[in-house]
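To keep things simple, chains are lettered A, B and C as they appear, and every chain counts its residues starting from 1.
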């Protein structure tokens, strides 16, 4: 891990009421690389991703302890400004959740919130982002129709574009392809590979092949703990821990 | 936002507080243990026991009747009909809609029916009209509870070879707290309603002795006393309102405690 | 069982039919249009103009909604999006209890609190003399009565907005309030409208509480401090005499029919909208 870490997690614990969902997690997520989290269902992957974006803030009964440093700043510091932190990261969830508005307004939502009013600039930006996710040609004639009318695959690309429109540094993807057909999945994966040059990407996935195709590093989480963290090939082909071996066995054979 | 919430919760305390402050001084044992004497509405001796008992009769009678009518309906919707059944959703929709029909319309309707059959205002008329009024409450409340019972329970009992009737029994046993909640909610509504009974139950200064004698009701007694020009009588109206409020609050709290487990914030 | 179920579904039809048959004698003499638009109310002369009563109803209902809606929206948003769950557990039961209080008690409260408040503190700023018995008093009492209905529906509707949708907005750097404004409210709009329509129809039909504080003058109100005479109050106030004057019963039951039809339609529409919303969620 040559670069300085972009996100540095130190002794992170997360509790849902009594349920200790993340146990003493420490990990350095490298800059401008793709890092994947793998692990069985319910092990805490989504929970971890949400802590990066402070999305637990608004949920009652969730306790977060420990530090998460982004660019060296602790985002859980009481002085940290939450909207500023969230703006640094684009989030892609398990299923696409387009906002209840038009395609255009979905993309323009973030920039508008951050004060961009100039119609021309917005137009330009919307077009640029839609081109970046290879959606422009498919939707350019119906920018003002509700975004929910798009296919699921298109919606997910729209959500990616929406996140990129606020010029984040980090992209968080929580199984972003799990609701998509193979063709759309492939498109999203290709996008990730392209985007890795400009962004730090953190990906949660169930599909080991996908992790191998797109990621530089993989962390294996089991039952709320990070069991192993290593470069992709190493973790998949030559795991050190017993638990990891067991989990990736199917992949090797 | 906090201010708005405080105002709304405050509304409750404002009402109860006002009634308490104005009602408490005039509250006496006589008020709840005696029937009106001569000249009661001019400020002489007596109480509103007649109305309390009348209201209890009506609330009890109509909740009981509504229970008998609604239980088969709810079971039919939930046991005999498929989840996707058209009739089921129409029945649910119509109970929702009937729930929204104001009591004055029920009262007017009850009145037309009574004229048609040549009935006089009476306890029976009151009970029947209030039954219509609380029927949707019963159906909605019980249906909501029964729907939360896992379908697997029914499937399991069918696979053991039980009939629909037996399955219904299981459902009933599972939803007893819900049924009690429904009864209490209906009772509370029945005891507090005016517009439906003013047409149909009539009013009198005596405790009703038979099903076809006119039945006084507490809310109506409050209304009449409030209309009196005599201060003491008005004060007794406040005290009667206090009595009614206490009864209804006890019932609501009871219903809430029972339904905690099923509570959504549906009204 | 089937028979009972069908009967319960048909109850609404029976009610409508029963009221219609009873209003027929009046409807045979006068057209619906003239009944609804005439302002002359002289039962002894056979003149039944419902316009003042309809206007009375509209004024009271309008005031109630104007007072209740902003308060309920704000507190609904607070309860569902901002409040700690302990706070919510304190607020919601009181809203429930409020819904259980009988109308006549609201009426007594109106007489004891709202009417004097208007007479002594509000009205003197605008007019020389007022009794306080006014459509404003009716509207305020009604507003408090419909709080629980509106809030409970709002909470249910807000509850169907997926967490992830709000997260999506937050993760773009929107503040919580921006998320509420642009996502929560936007997405809940059909439900909010349904809640308003239900509240309107509840307010339309409320009788005794309104009757006690409105003043009941059969004239079209021209300001919030004028008294008014809503339709339900008309029915309730005169049921005693209605059989002794020709056509009077027909006229009163016709007003019950008007109430029934409007409220039935409003309820049916908004309940259908609400059940659509619920189904979309599942």
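Going forward, a residue touches a chain if its C-beta (ideal position, glycine included) is under 8 Å from a C-beta of that chain, and two chains touch if they have at least 3 such contacts.
No experiment lies behind these values; they were computed from the predicted model shown.
Centroid analysis (C-alpha atoms only) places A farthest from subunit B. Each chain gets a centre from its C-alpha atoms; the one nearest the centre of all protein C-alpha atoms is C.
Note: centroid distance subunit B to subunit C, computed from Cα atoms, is 20 Å. Separating the centre of subunit A from that of subunit B, both taken as means of CA atoms, is a distance of 54 Å. If each chain is reduced to the centroid of its CA atoms, subunit A and subunit C end up 47 Å from each other. On the side of subunit B, the complex with subunit C involves touching residues 1-5, 7-9, 11-12, 14-16, 18-19, 22, 69-70, 72-73, 75-77, 80, 87, 89-109, 111-113, 115-116, 132, 135, 139, 185, 188, 191-195, 198-199, 219-220, 222-223, 226, 237-238, 241, 244-245, 248-249, 251-253, 255-256, 264-267.
Contacts from subunit C toward subunit A in the complex involve residues 81, 84-85, 162-176, 178, 182-183, 186-187.
Considering their complex, residues 1-2, 4-6, 8-9, 11-12, 14-15, 18-19, 21-22, 70-75, 77-79, 82-83, 90-109, 111-113, 144, 147-149, 151-153, 155-156, 198, 201-202, 204-208, 212, 232, 235-236, 239, 252-253, 256, 259-260, 263-264, 266-268, 271-272, 275 of subunit C touch subunit B. Within the complex formed with subunit C, the subunit A residues making contact are 50, 53, 55, 58-61, 83-84, 86-87, 89-91, 93-95, 97, 99-101, 109-110, 113-114, 159, 162-163, 165-166, 172.
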